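Each structure below appears as C-alpha cells.
Two complexes, one shared chain (chain A), two partners (chain B, chain C).
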Partner chain A sequence: MAMVSGRGVRFKGKYLFSLSAPKIICFIFLFAMVCFTALPLVYVTVTAFKPIDELYLFPPTFFTRRPSFNNFKSLLSSLSGSEVPFLRYVFNSLFVTVISVTISVFISTLGAYGLVKQRPRGGNVIFAFILAALMFPGSVTQIPSYLVVKELGLLNSYGALIITKVAVAFNFFLMKQFMEQIPDAYLEAARIDAAGEFYIYAKIIMPMMKPACATLIVFSFISSWNDYLGPLIYTSKATLKTLPLAVQMISGGTGAAAITTAGSVAASTFVMTLPVIIVYLIMQSKVLSTMAYSGIK
Partner chain B sequence: MRKITSFEKRRSRAGYMFLSPWIFASVFLLTYPIAYSLILSFGEMKDISGFNLSFAGIENYKEAFVIDDRFLGLLLSSLSDMLINTPMIIIFSLLVAIMLNREIKGRGLFRLVFFLPVLLGTGYVMKELLGQDVQSGSMELARGMLLPANVREYIGETVTGYVNEFFNRITLIMWKSGVQIVLALSGLQGISPNLYEASKIDGAGEWEIFWKITLPMITPILLLNAVYTIISFAFEDSNLLNYIIQQAFSENKFEYSAAIGWIYFVTVLFMLGIVFLILNPFIKRTHDNT
Partner chain C sequence: MIRKKSGPTGYHNTKIGYLCLAPYLILFFLFTILPVLASIFLSFTDYDMLNTPKFVGFENYTYLFLEDDIFLIALKNTLTFACISGPVTYILSFLFAWLICRMGKLRNFFSLAFYAPSICSGVAMSTVWLYFFSSDSYGFINNLLMNIGVISSPIQWTLNTKYVLGVIIFISIWMGMGTSFLTFIAGFQGLSEELSEAARIDGIRYATQELVYIILPQMKPQLLFGAINSIVAAFGVFDIAVSVGGFPSVDYCAHTLVAHLYDFAFTRFEMGYASGVAVVLFAITYSVGAIIRKVLASD
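== the complex of A and B ==
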C-alpha cells in the first residue's frame, strides 16, 4: 500500500521518493524550462505527421488528430521546383558527413598525439596558431578557401565539401585537451617493450581515446551535417546539394505558399534532425562523461 | 647529455611525422585562408575575374568606419547582444546546473533535453526551428497558455510587448546555454563534498553555502563559460556575419568583406580580453582540491 505522507511516498516501509518543498519547486522549474526547450521540436514533429487539411485549420491546433505519413510520401515522390529526388540529398549529406568526420577524427588524433606526446620543437607555435584560428569566424575566410578549392580543381565535387571540413581548429583543440590526460607512463612502458610510435598510437592511445573520439564524432557530425554555407558556395550542381539546402529550397515560399509547404518543411526538418539525435544517443553516455571529465565542450 | 639531445631530436621528428597530415591540411584550409584574408583586407581588387590585387593601405578599414553607414550599427548591435546575453546565459546555466546537480527524479531526461539544443543548435535547423513558422506557432501557444487573450487585452499593448520580448529572450537563452549547463554541472561535481559537510557542521545554511562555497569554487568554470559564450556568439548566425558574407558574395566586395571580418575578429578578441581581466581576480586557484 502506497502511503503519502509529509515526507514523501512510502511503499512497504521504504520511501520511494521524498517530497520536500525545495525539491518540488526545483522539479516544477526544470519541467517548465524543458517544455520551453522541447516545444519547437515537438511542434515540428507533430506538424510533420499532420495531414494536409489539418494544416489549414484556423486557429492552428498543436496536436494532430489523425497522424499520417503523407508529408513524407510527398517528400519522396516529388519536390516542387527540383529535378533531384529528396533521397539524393539525404545520401549526399550522409556521404559527405561520414567521410569528413572520419578523416577529421583521424588527422586530429594523429596530430594531437604528435603534438602532446612527442613534444616536437615549435609545438607551442603550432598550438598558439590553432588557438587563434579557433576564434576566427569561419565565414570570413570563405573566399580564400574558395580560391584554394578552385585551384585544386575540386569545385562541384564531393571533394570540395569534404576537404573543407577536415581541418577544423576546434577538433584539434578538443583532442589535444583529451590527449593531455593520458599519462606518459603508458607510452614509456610500451617503448621499453620496443613498440613503434605508430603502434603505440593505434594500439594504446586510440583505445583510451574512445570516449574523446565519441565526443569529437558528435560535434563534427553536427557541424558537418548542418553546414549550410559550404555546399552553397562550393557546388552549383543540384545533384551535389545537401540536406540543409534542400530544406531551405522546400521552405522557399512565404505567406500563403508557406502553409501549403509547412507539412513538407516540417517533414524534411524532421528527417534532418533525426540522424543527429541518433548519433548523439549512440554516443551519449560517453559524450557527457568526457565533457565532465575534461571541462571543455 | 648528447644522447638525450639526439633522443629528443628523434622524438621531435616523430612528432612532426604525426602532425604532418594535420599541418598539410591546415596550411591549405586554415593558415592560407586566414593569411590571405588579411592581405585581401589591405588590398584593392583591380580585376575580379583574375583576382588582380593591388595594395590599398587602410582604405577598406577607413570605409568601414567612415563611409559605410550600416557596418558600425551592426557591429554595435551584435556587441550589445553579446553584452546582454552572455551574463544571462552564464547565470541561467549555473542555476539550472545547480538544480540538475540535486537528487531529482528524471535527471537523465532533463539533461538530455537541455543538451538537445546543442545537437540541433548549429546551422539551418536551428533557424528553421526558431524561425518564423514554428516559433510564432509555438510561442503563440506558450503565450496563450500563460497569458490568455482577454487578459492581454486588459493589460494593453506595451505590457504585452514586454511579455513577448521576455519570452522570446528566454527561449533564445534556453537554446544557447546547453554546453554551458554541462560545463557548469561538471564544475559543480568537481567540488569536494567534504567542504559542504564541514560547512554544514559549522551551521551554514543553503544560502550561505552557495555564496561562500559553491560560487567561489566554480569561478574557473564561469570564466570558461563566458569565453565559450562569447566565441559561440561570434560564430553564430548574426546579422553582422550575414552582412559580411553578403558583402563578399552578393556585392563582390571581397576586400571590404575581409576587412570588416578582421575588425570583427579583433573586437571579439578585445571583448575576451576584457572578460578575462574582469573575472581573473575572482578566480580561486586551487591545486590540491579535488
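== the complex of A and C ==
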C-alpha cells in the first residue's frame, strides 16, 4: 500500500523517491551543486594517484590514465629541504588529536553532568559565561593563552597543543543541552539504591550520552586535526609540527602552487582529509540526532 | 551538603557539582576567561614580553585607528569578507538543508557531500584551490577561460590585488556548509508534522509559504546558533587568507584582523598593541552576536 504523506510517497513504511516535478528539479539542482563542491576533493584524490609525467602535461588534464602510488612513496621516503620524515607529522597529528579528544569528552561530559544534574549554586552564571564564549573567535584569546602556556613551561611540547584545545565552549554547550534531555527519574532510582554520584555518572549517564559523545568526538577530532594557529604559535621545533603546517611547507609556503609539488601536495592533502571524512561517516547518524539539541533559546 | 526541596527537581548538590565542573572550569578559566580579561588589560599597556607591561592609556587604540593604515586595511578586508561570506554561507546552509530534507533517503548522501569540504583543513583545501586559481595557464580556471575565449592571457588570480579577496571569499563559501548546516538539517528533522498538517488544512499550499509561516518560527533556536557560528567563523578568518594571499600578502590585500594580530604578537612581540587588535575583534564579534541574539531570541 502506497501512502502519500507531506514528504513523499511511502511504501511499506519506507520513503520512495517521489516523482513530482519540483522534486526532480530540486534533485538535479542539488546534484549539480554536489558535482561542484566535490570537484576539489575529486581533484585531490585523482592527482594524488597521478604518475609524475602526467602532472607536467599541457594542457593540464583532470583525470589520470595510469594510477600510481609514486606520490605517496616519495612523500614517505623524503621531504625535500627538511630532515623530519612525513610520518612524524602524521604521528604528531594523530597523537595530539586522540589525546585532546579523549580529555575533551571526559571533562565536558563530567562538567555538564555536574552543572545539569547536581544543580550547583551559581550554575546559571557559569553557563552564561560559557554561552558568551561561543560568541567570539578563539584567536581573540591567543596572546594571553600563549603567555599562560609559556608560564606553565609548555612551549614546544605536545602539552601546549593539547591543553589549549580541550575546554571548548561549544563542546560543553552541546553536552549540557543533551544532558538536559536525560530524565532525572533514572538518577533518583539509582540514589534510592544508594549509588554514589560518580557511579551514576559512569554507569548510568555515560551510556545514555553515547550519541552526544560520538558527536563530540567528531567535532573535536576535526578542530584538533585541522588546527593551524595552535601549532604555528606554540611550537617552533619542526619535530612537533602537525599536518596542516606540513602540507603548507610541502606546497612551498603560503600562496604558492607550483606544478613541481602538485603530486606531493595532493598526496599529503589526501592523507590529511581521509581520516576526518571516515570519522564523520562512521558517526553521521548520531551527529545529526545530537545536533537537534544545538539550538540556543 | 545535600539540600532536598520537595518535588523531583529539588535535588541540589553544590559540592559534587563543582567537583565535576572543576576540570573543565579550570581549563576554561585559564584559556578563555583569563585571556579575555588579560587582553583587555594588556591592550592599555606597552608589553614586549621582556620588560613588565607599561601602562599607556588609550595610546594603542588611538594609534590603531588614527595612524596604522595597515590595521585599517585589515579591518576593511575583514568587514568586507564577513559581510559577504557570513550571510552567504548562512543562507546557503539553510537553503541546502531545506532542500536536502525533502530528498527522502538521499538525505544522508547529500548532507555528507555538502558538509565534507567544511571538515577538511582550510590550509589543505586552499592549497588545492590554488591549483585551480593558479596564475599561469596551467591553472584549470585560466585554462578553461582561455579555451572558450573569454580571456587571451592568464588572470593573476592570487597576485592581482583586485582578485585575491574574492578568491578567499569564494573558497570560504565553498567550505562554509559546516556546523550551522548540520544544525539546520537536525532542526528540519525535528519539525512538528502536526503543525504542517494543520497549516495545510488551513490553506497553506506552497512549500515557500510553509517555510515562512510554519518552519522559520519553529527553528529560531537553530537559526540563532547558526548565525552566531557564521559570525564567529567569518570574523576569525585567517588560515584561508594566509594560504591564498601569502603572509604578508601583496599590498596587504588579504590582510585580516587575525593576521594583523598574529603579525604584531608573534613576529614583532608587541603584545600590548596586538592585544588592542584582539579587543577590537572581540568587541565587533560580540556586539554583532548580541544584536543577533536580541533579534532571534525565542519568546
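Some notes on this structure:
Note that in this section the second predicted complex is superposed on the first by the 266 of 297 C-alpha atoms of A that agree within 3 Å, B and C clash if a C-alpha of one lies under 4 Å from a C-alpha of the other, contacts with A are read in each partner's own complex, and residues count from 1 in each chain.
Just so we're on the same page, a residue touches a chain if its C-beta (ideal position, glycine included) is under 8 Å from a C-beta of that chain, and two chains touch if they have at least 3 such contacts.
As the structure is a prediction and not an experimental result, all values here were calculated from the model.
Superimposing the complexes on chain A yields a three-chain arrangement in which chain B and chain C clash. Comparing chain B with chain C, more residues of chain A are touched by C.
When the two structures are aligned on the shared chain, A:L87 is found in touch with neither chain B nor chain C. In the superposed pair of complexes, A:D184 makes contact with chain C only, with no contact to chain B. Of the two partner chains, neither chain B nor chain C is touched by A:I24.
Residues 17, 22-23, 26-27, 29-30, 33-34, 37-38, 40-41, 43-44, 47, 60, 62, 106-108, 110-111, 113-115, 117-121, 123, 126, 129-130, 133-145, 147-148, 163-164, 166-167, 169, 172, 197, 201, 222, 225-226, 228-229, 233, 244, 247-248, 251, 254, 262, 265-266, 269, 272-273, 276-277, 280, 284, 288, 291-292, 295-297 of chain A lie in contact with chain B in one complex and with chain C in the other. Within the complex, the chain A residues that touch chain B are 17, 22-23, 26-27, 29-30, 33-34, 36-41, 43-44, 47, 60, 62, 106-108, 110-111, 113-115, 117-121, 123, 126, 129-130, 133-145, 147-148, 152, 163-164, 166-167, 169, 172, 197, 201, 218, 222-223, 225-229, 233, 244, 247-248, 251, 254, 258, 262, 265-266, 269, 272-273, 276-277, 280, 284, 288, 291-293, 295-297. Listed in rising order, the residues of chain B touching chain A in the complex are 11-19, 21-23, 25-26, 28-34, 36-37, 40, 51, 96, 99-100, 102, 104-105, 109-120, 122-126, 128-130, 132-135, 137-138, 141-142, 170-171, 174-175, 179, 182-183, 185-187, 189-190, 206, 221, 224, 228, 231, 234-235, 241, 244-245, 248-249, 254, 257-258, 261-262, 264-265, 268-269, 272.
Considering their complex, residues 8-9, 11-21, 23-25, 27-28, 30-36, 38-39, 42, 49, 96, 99-100, 102-106, 108, 110-117, 119-125, 127-134, 137-140, 143, 147, 158, 174, 177, 179, 182-183, 185-187, 189-190, 193, 196-197, 200, 207, 219-222, 224-225, 228-229, 231-233, 235-236, 238-239, 242-247, 249, 258, 261-262, 265-266, 271, 274-275, 278-279, 281-282, 285-286, 289-290, 293, 297-298 of chain C touch chain A.
The touching residues of chain A, counted against chain C in their complex, run 6-8, 14-18, 22-23, 26-27, 29-30, 33-34, 37-38, 40-41, 43-44, 47, 58-60, 62, 106-108, 110-111, 113-115, 117-121, 123, 126, 129-130, 132-148, 163-164, 166-167, 169-170, 172, 184-185, 187-188, 197-198, 201, 219, 222, 225-226, 228-229, 232-233, 243-245, 247-248, 251, 253-257, 259, 262, 265-266, 268-269, 272-273, 276-277, 280-281, 284-285, 287-292, 294-297.
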